[in-house]
Structure formats: structure tokens, C-alpha cells
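Two complexes follow with chain A in common, the first pairing it with chain B and the second with chain C.
Moving on, here comes the complex of A and B:
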């Protein structure tokens, strides 16, 4: 009996925490489901007449602002951007963790680069992109996103590779694997959980990136972080809060789904049973 | 064919010397055990054969081919690690097949040889499991399987049984020995356990830790009996044997004496230590010529007693196999050595001295 009470109390606390921490999200989701009229009259979390009219309005504007186009741009650029970051950082992280290549200076340097306001890079990159025709392309945006992600991914991968039991790699070398095959057959499979975690983080950072999305794209490759803002004043006059809320919810869904799908992978230990623990 | 040679090999880590002037030849098909206390460089010596460590000086040769600059993958050696070091993401079959896969063998051959190795090690029922689903002994058998599947020239074992509990250790020891009967490859086995060393090795190499002030790494190499019966120095004398060899200072005079007993030999010049193994001492009634003392403690091991006797030369341990009368602590006794089994060592250099 008392155990059930404790459980109940526990869930109440959970629920309260979820409510408080996610209040902005919940409020946005609820607003997106209210009619324009109700938004002005009813500020409560209870919806009197739920409606999908705001979502319909978002898709109805496709001739001017195509939400699906923005979402596709973001999805493509973010996927390429995070995959590229992992592909670049993984061998580098291995070299740093195991061969001490640049561990003393390159890693801190790369990480500190992340602390520099990105706007500093905007003008040179813009001029370079202009020269090579990467302006307003998904791939151009993806390249920048990859660079933005490399520091974080590198730190995560380097520290996790350093924590892998080194005997397994030694066994791999004695068993006839050179460094490349060791990376492919032994180190990478053991690092899947960290790769998954850093991919998710990189994807989320890419998805939310605004600055370069704004500067480097005009139309063809505009990501949803920038595109969503177009809807705020879409009808000329004041902000249409219902439409804005609907756009925000749509823009939040892909990273949310990816995070949930990858979550199980992240929590798994990849080295169980490999060495005497 | 796969003779292993250390030629004046030295190894240091960040200025700290771990191995110095190591000269040693392991014959083709020989089973040599490297033994010594922790920090003596025995594992480092092994890892240098595998190519996991680079020698700081000297040359290592396998089959008369210098290993300098060769990657571990180019040396055709197999290694079994203390921590098993299995690939956690592969099945047992995948683990055993891995070296063959790296060597680019055809799939059919890999399947045959994995099956062969699994049969030898009774791993058949576990081939589809992952390491996490196996017990410690099974994991170490997988590691053995991964080593034998390649038919390598050289097998290296780095304390493979240290993580196993006592029962399992004994049965795995037997398993490795029977493996050895099937596979006539050159094997080097590192351990800190002298029982393993004595029972498994054709020859034993005893290593000393340089950090404790020893001037060379390899203190002695020889058959288990040679090392036990004629230790070349105090280090080996103390290291092998349990309980340890008793060491008694020889006092001046030109005759070698043990208490009141004249040992019928000339005493060597200089400070000398006389060594007697516990089984080479016998308990006599008090008053008989020998070293007088009083029993302080009797340890019963079932088959035998270890009797600790307090004497003016310090505490000596006697191994008593005769169980007809249990020694009693407090009893006054006289200790008598077996004259055929005495060891003499120079006190300062620690080297064995000839009997005169």
C-alpha cells in the first residue's frame, strides 16, 4: 500500500517536472491547436474547440512559403552536416586518443574555435562560397554545419575512444588488422553508442543553426530555422500566433523523432563482456 | 623454424628503464615461461615480440628474421591476453574467425577452421553467443580459439589465467598443456605464479625488477629443476619455492657450520648466506648437533606441516612430511640440514658460490 503511495508521489513529481520544464513547448503545442479567435480570448491550457486550421493555413501558404521545402532543406543539410562531421572527426579522434596526434594543441584549439562567435567566419565564407557557387545550396549549408559540429563531435569521440579497453585493439593488431581495418571492424562497432549520441547532438545543432542559414541561403536552400520565421508575419499585419505556433511544432518534430529513435542506441554499453571488468 | 631471439634488448618508458641487456633464445617448439614479480618487465618482453612495444635498443628475431619496424599484423604471432580482449560486438564464431578474415582466407576454409578450433576447445554450443553471455573460463577459451585458429608460428600468453578463480585456473592450465601437445608451436607464457611456471614450462626465465636496484633483467633461465635445485642467485632462490628458501648468515671461521653442526666443508671467503629449502631441514630433538631453536608456530596443510622455528639466526621454516607426530609449538628442537641440498650465495652480489 505504502509502496503504491510512494510510486504515486514519484509520478506526481515527474509529471510536475515535465510540465514545468516543457511548459513553453506545451503552450506552443496547445496554441497551435486553437483557433485564431480562441487564442485572443482563452489563454488557458484547456482548448475549447480544438482545430487543425492553423496547420492547414501553414500548408496553404506553400506558394509563398513552402514549409515542406524548408523542412527538406534542413533535413538534407543537417543529415549531411552531421554525417560529415562524424566521418571527419572519427579518424581524427582515434589518432588523438591512441597516437597522441595533436592531443596537446589541436584538440584544445579546435574546441576553442567553438567558443568564437561564428559571425566572424560569415564574411570570408560568404565570399568563398560566392566564388565556388555554393551560395544557397543544401550542400554548401551542410559543409558549414559539419564544421560547426566537428569540435563537439571530436571531443566526444576522442574521450570515448580513449576509454575503450586498449587490449581489444592490441588483440586486433596481433590478429592481423592494420589501423584502417582496426577502425572499421573493431573501434567503430565498439563506439556505436557514442557515434549515435554525437550524431543526434550534431543533428540537433545543425537543425537549430540560424546564422549561416540566414546568410548563406536566399531561397533554394533556406532551412526551416530561418523559414519558420517567415510565417510570423506572413499575412502582412500582426503576427498570426496560431500559424506561428503550428510552424514551430512542425519544425520541432524531426529532431524529436530522431532523438527518440536513437535513444535506445545511446544508452547501450558496447563493450560488455569484452574484457574482465 | 620459429626460434625467438632477444639480442641485447633494452626497453625504457620515459627514461625509466624496464628491461636491460636481455639476451635470450627460445628454441623452435619450446615452451618457455617468463616469471617474476610485478614490474619486472616480463610482459613488456612478451609484448615486444608481438610488436605491441618497440624495443628501445637491441634486436628481436623470429625465425632468424629481424622484427624491427614490423607491425604486429606482419609477425604471424598469436596472443592471449589476461583480460581476454574479445571483440564484444562479434559472436564467438566471429571472434575466432577474425584473424582468418583479416588474412583474407576463403569463407569455406574459415568455417572449417573455426569449427576445428571450437571442437578442440568445446566451444561448439556457444558459437552464436556473444562474449557478454559467457563465463570467464569460456571467454578465455574463446581467446585461445582465436589464437590457435591461425596456426601461427608463435603463441604468446600474457597471464592468461590470472583472472580466473582457482579451480578454473587448474583446469585451464591442463587445457593449455594438452593444447600444447597437439600444436608444436613456439610458446612464451608470462605469469607471476610460480606454480604455473614450474608445472608448465620446458624452461623458465626469471626476471627481476630494475626499479628495485637489480642490474639486469634476466636473472636465470633453465629447466624448472635446474632453477629449483641450483638457483644462480639469491633473487631466484627467494622467488621460487613455497615456503621460501631459508637463508642463514655464515659467520667467520674457515669451516662451514650450521649452528653447532660442522658441515664438513670450507667456508667461502667474504660474507656468505647459506640457503636451505624448508623440505631439506629436519626437526631433531633438542641437544642433537644442529641449529637450536624453539617452535613458534605450526601450520597444518593437511598433507604436511610448515613448522616455524625461532632460532638465533632468525625464524626458519621446516616442511615436515611425517604426520605420525604433530610438532607442538613451544617445543625446543634442533634443526639439521640435508648436506646434499645446501646453497651458498655471496651476500653482496647475491651470486651463487661453488661448494668447496
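Moving on, here comes the complex of A and C:
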């Protein structure tokens, strides 16, 4: 009896924690489904007359603030940024795991980078970008997103490659395969799981990055994490809260869906990244 | 290890090394040079060396110290709350997660949302006319505080940051709790340990490294807080919510004082080295456990 009571308490705590932790998203989603008139009269969490009008309004103001443009910027920069982080870290991780080079200096340097506030590099990178014309470009933003993600990706890849059975690579060497062929045809296929899991996490971190998006872009390459706030001032006078809420939900949906579907890989990567760093 | 394979190894490191030199090494060099120069946008390519004046200016600025104090206090408080709450949830809910692992997905969702967007969402939720929180506080208590005013901004930010990142502590501590071998607990139970004693003398010591790591990660992340703070209050609340990152951002983008911003950056870098050194010492000492 008391055991069932404890179990009930666990479910209650769980439900309460989920509601409280996710409260910002839940409350914003609710507001986004109220009409503009209802938002001003009813601030509660109960919707009287649900409507999608706010979402329609977001897409209707594309001539001034184009949500699709911001979403595309985020998508392109995040994809390039995570792919680049993997492409740079994968050979390096292999070299560290198998050739024992770079473990003394490069690995600790990159790992410790996670503890350094990136604003330190923001100003010189801004000045550098200004000189070479990378300001307000998707590629310029992607380069920085790769930089942000390299530490985590490198830690995950290096530790997983070190755990692979070396015998298969040795057999490949005996058959005359060079390092690059081994990497492409033996190590990469065996690492697909880690590569996938770390790219997902890198993608989410890239999508959610804000500081560099704010500093390095003005309009052409603005990611949605920055562009979302533009809609707060969209109507000149007061904030159109329904529109703002709808924009925030649209900007949050991609990582939320990925997070729900791939929670296991993400959880494992986060844990491994924390413990092995 | 033969010489050719060492060479091959170096070759594989080359792309990453070049990338880091370009995007970290060179910027760091610029940081160092500009921090000892008088420099503005007009002489960005030919800064005029002036010595330590920028550092002196940063150190003499009360705003610099209040930003440092804000970040330190914020990071410590938030990290402690997150670890304590995360630990309690992880242990109490462990039986649920053991049977239904997917339940943890809902706890992880807050981490998927951009902190900048979370800050914006709270602007809506805490808004005096359209926000749900003031609405319900008014219904229940008949009053609500000025969440983003001088007196409340710090507390509000602590709650915002804690709600978003306690899931991280929960996740790490849950996996460390779940990794404790049942044999250990059975052996302790045979010796008569149960309930709270089992937790304090068996589980807690075994989880200590994970607790330490979680604390440091959360501290570092909250110490450099920028996104949610910027979107929710900016430098508002009478400057009482200026973190180190916000201070540097403003020195550069609002005031245009490159030298000051860069000198403050270098001081922040030095501070992070101190923290890193502390972490490495502490974890090195823990290693034999």
C-alpha cells in the first residue's frame, strides 16, 4: 500500500516537474493560439477560442520580416557548421586515438575551450570578419558555429574511436589500405552512430546559438534565434504578443522535435561529453 | 610508432589546427595587441601601443567589478540550486526512469530551446497585462512583484536559468546514479544499510565525481551568461543585471571602446584559466577514488 503511494508521489512529482520546467514553451504555445483580442482580455492558460490567425499573420508580414528567411539562415548555417565541425574533428580524433599525436596539447586545449567565455574572441573575430567581408554571411556564421561545436564533437569522437577494435584496422593495413582509405571505408562506417549523435547535438547547439548571430549578422544571414526578437517591434507601437508568440514557437519547434525523437542519442552525447571532458 | 605514421598523424591534425589558428589563435593575438594599444575603428590596422592603460581603465571601472561580481554570484547560486534539485529529482524519480526510459525525454526538452528564445518567452509570460504568471499571482495573492525591476531582476534570472538547465544536472546525475552496480547496494544492504543511510554512505560517495563535474559545467555556463539575460532584461534594472559577457558586449558595441572591451576580455580569460586550474587540481585529487 505505502509502496503504491510512493509510486503515485513519484508520478506526481514527475508531472509537476515536466510542467514547471517546460512552462515557458507551454505558456507561449497557449498564447500563440489565442486571438489578438483574447490575449488582451484573457491572460490565463485556458484558451477560449483557439485560432491559428497569429501563425497566418507571421507569414503575412514576410515583406518586412520574413520568418522563412531567418529559418533558412539558421538551417543552412547550422548544417554547414555541424558538418564542418565533424569534418575537422574526425581525422584529428583518429590521429589522437591511433597515432598518439596531439593528445598532449591539442586535445586539452580544445577541451578547455568549452570553459572559456566565447565573448573573449567575439570582438577580434568581428574585426577580422569586417576586413575579409564575412560579416552578415551564412558561411561566416557557420565557421563560428563549427568553432563552438568542435570541442564537444572532438571529445565524443576521440573517445569512441579509441574504443573501436583495432584488429579490423590492422587487417586493413595488412591488405595494403592507406590511412585515408581506412578512415573512409573502415573507421567512418564503424563510427556512424557517434557521428550521427554528435552531429544532432551540434545542430541543436548551432540552431540555438545567439551571441555570434547577434554580433556577426545584420539582416542577410540573421539566424532565427536573433530574428525572433525583430517581431517584438514589428508593429511599431505595442508588441503584437500573438505574433511574437507564434514566431517563438516556430523558431523552437525544429530543435524540440529533434530532441523528442532523438532524446536517447542526445542524452548519451551530453553525458559522455560531460564525463569525458 | 614509425616516423611515417607520426607524420601521417600530424597531417590528419593539420586541418583542425589550421582552423583553430585562424579562428582562435589570430583573434587571441589581436586581443593581446589591442589590449595594450589605443585603438578605434579609424586606426584598426595600425593600433598605437600605449601599455597597460586599457587594463588600468577596466580595473578602475566600478562597472567592471559589479559585472564580475554579478557573474560570480549568479554562476555559484544557480549551479548549487541546479545540482541540489537535479540530484533530488534524479534519485527520487530513478524507479520511474528505470522502467520507462523515454520519460526522461520530457525532462530534457527545456535544453532544446534556445536560451535567447527562453528569455523572450519570459518577456511574454511575466508581462503585467498579458502574462500568465502575473495573472495567476493576482488571482491568488492579489499582487505580484516587478519581476524585472531592480529588486527582483536577479531572482527572476536565477529562476529562469535554473528552470532551463536543471535538466542537465538531472540527466548527468541520473546516469551516474543508474550506473551504480546493484551488487554494491546489495552488499551494503546485507550489512544493514538501507534508506537514507544507504544513500548517504554508498550512493552519494560514488556519485561525488559526477556531482563535481555537473557543478563545474553549470557554474561555467552560468558564469558566462549572455543570451537569456540580454533578451529578457538587457542591461536593464539599473545596470544591476550586467554580467561579464554583457559588460564586454556593451563596451564594444554600445560605447565603442575597443581597448576597454578587449582588456576586459583578457582579464576574463585569465579568470577562466584560474577556474580551469582549480577544476584540474580538484579532479586530479579525486582520481584515485
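The definition used in the following text is that the second predicted complex is superposed on the first by the 223 of 277 C-alpha atoms of A that agree within 3 Å, B and C clash if a C-alpha of one lies under 4 Å from a C-alpha of the other, contacts with A are read in each partner's own complex, and residues count from 1 in each chain.
Here is the rule we use: contacts are C-beta pairs under 8 Å (C-beta built on N, C-alpha and C of every residue); 3 or more make two chains touch, one makes a residue touch a chain.
Predicted model, so just to flag it, every value in this text is computed and none were measured.
Shared-chain residue A:233: touches no atom of chain B or chain C. In the superposed model, A:8 makes contact with neither chain B nor chain C. Applying the stated contact rule after C-alpha superposition, one finds that A:266 touches chain C and leaves chain B untouched. Between chain B and chain C, it is C that contacts the larger number of residues in chain A. In the superposed pair of complexes, A:104 makes contact with neither chain B nor chain C.
Touch criterion not met for A:16: it reaches neither chain B nor chain C. When the two complexes are overlaid on their common chain A, residue A:146 makes contact with chain C while staying clear of chain B. Contacts of A:56 after superposition on the shared chain: neither chain B nor chain C is touched. Where the contact sets of chain A with chain B and with chain C meet, they give residues 270-271, 274-275. By the touch criterion stated above, chain A contacts chain C in their complex at residues 7, 10-11, 13-14, 17-18, 20-25, 27-28, 30-31, 39-40, 43-45, 87-89, 91-92, 94-96, 98-102, 106, 109-110, 112-128, 131, 143-144, 146-147, 150, 154, 179, 183, 204, 207-211, 214-215, 225-226, 228-229, 232, 241, 244-245, 248, 251-252, 255-256, 258-260, 263-264, 266-267, 270-271, 274-275.
By the touch rule above, chain C contacts chain A in their complex via residues 1, 5-6, 8-10, 12-13, 15-17, 19-20, 23-24, 26-31, 34, 44-45, 89, 92-93, 95-96, 101-118, 120-125, 127, 129-132, 134-136, 163-164, 166-168, 171-172, 175, 210, 213-214, 217, 220, 223-224, 226-227, 230-231, 244-245, 248-249, 252-253, 258, 261-262, 265-266, 268-269, 272, 275-276, 279. Of all the residues in chain A, the ones that touch chain B in their complex are 165, 167-168, 170-178, 181, 185-186, 189-190, 192, 270-276.
Residues 50-52, 71-73, 75, 77-79, 81-89, 98-99, 102-103, 130-134, 136, 139, 143, 146, 150, 156, 163 of chain B are the ones that touch chain A when the two sit in their complex.
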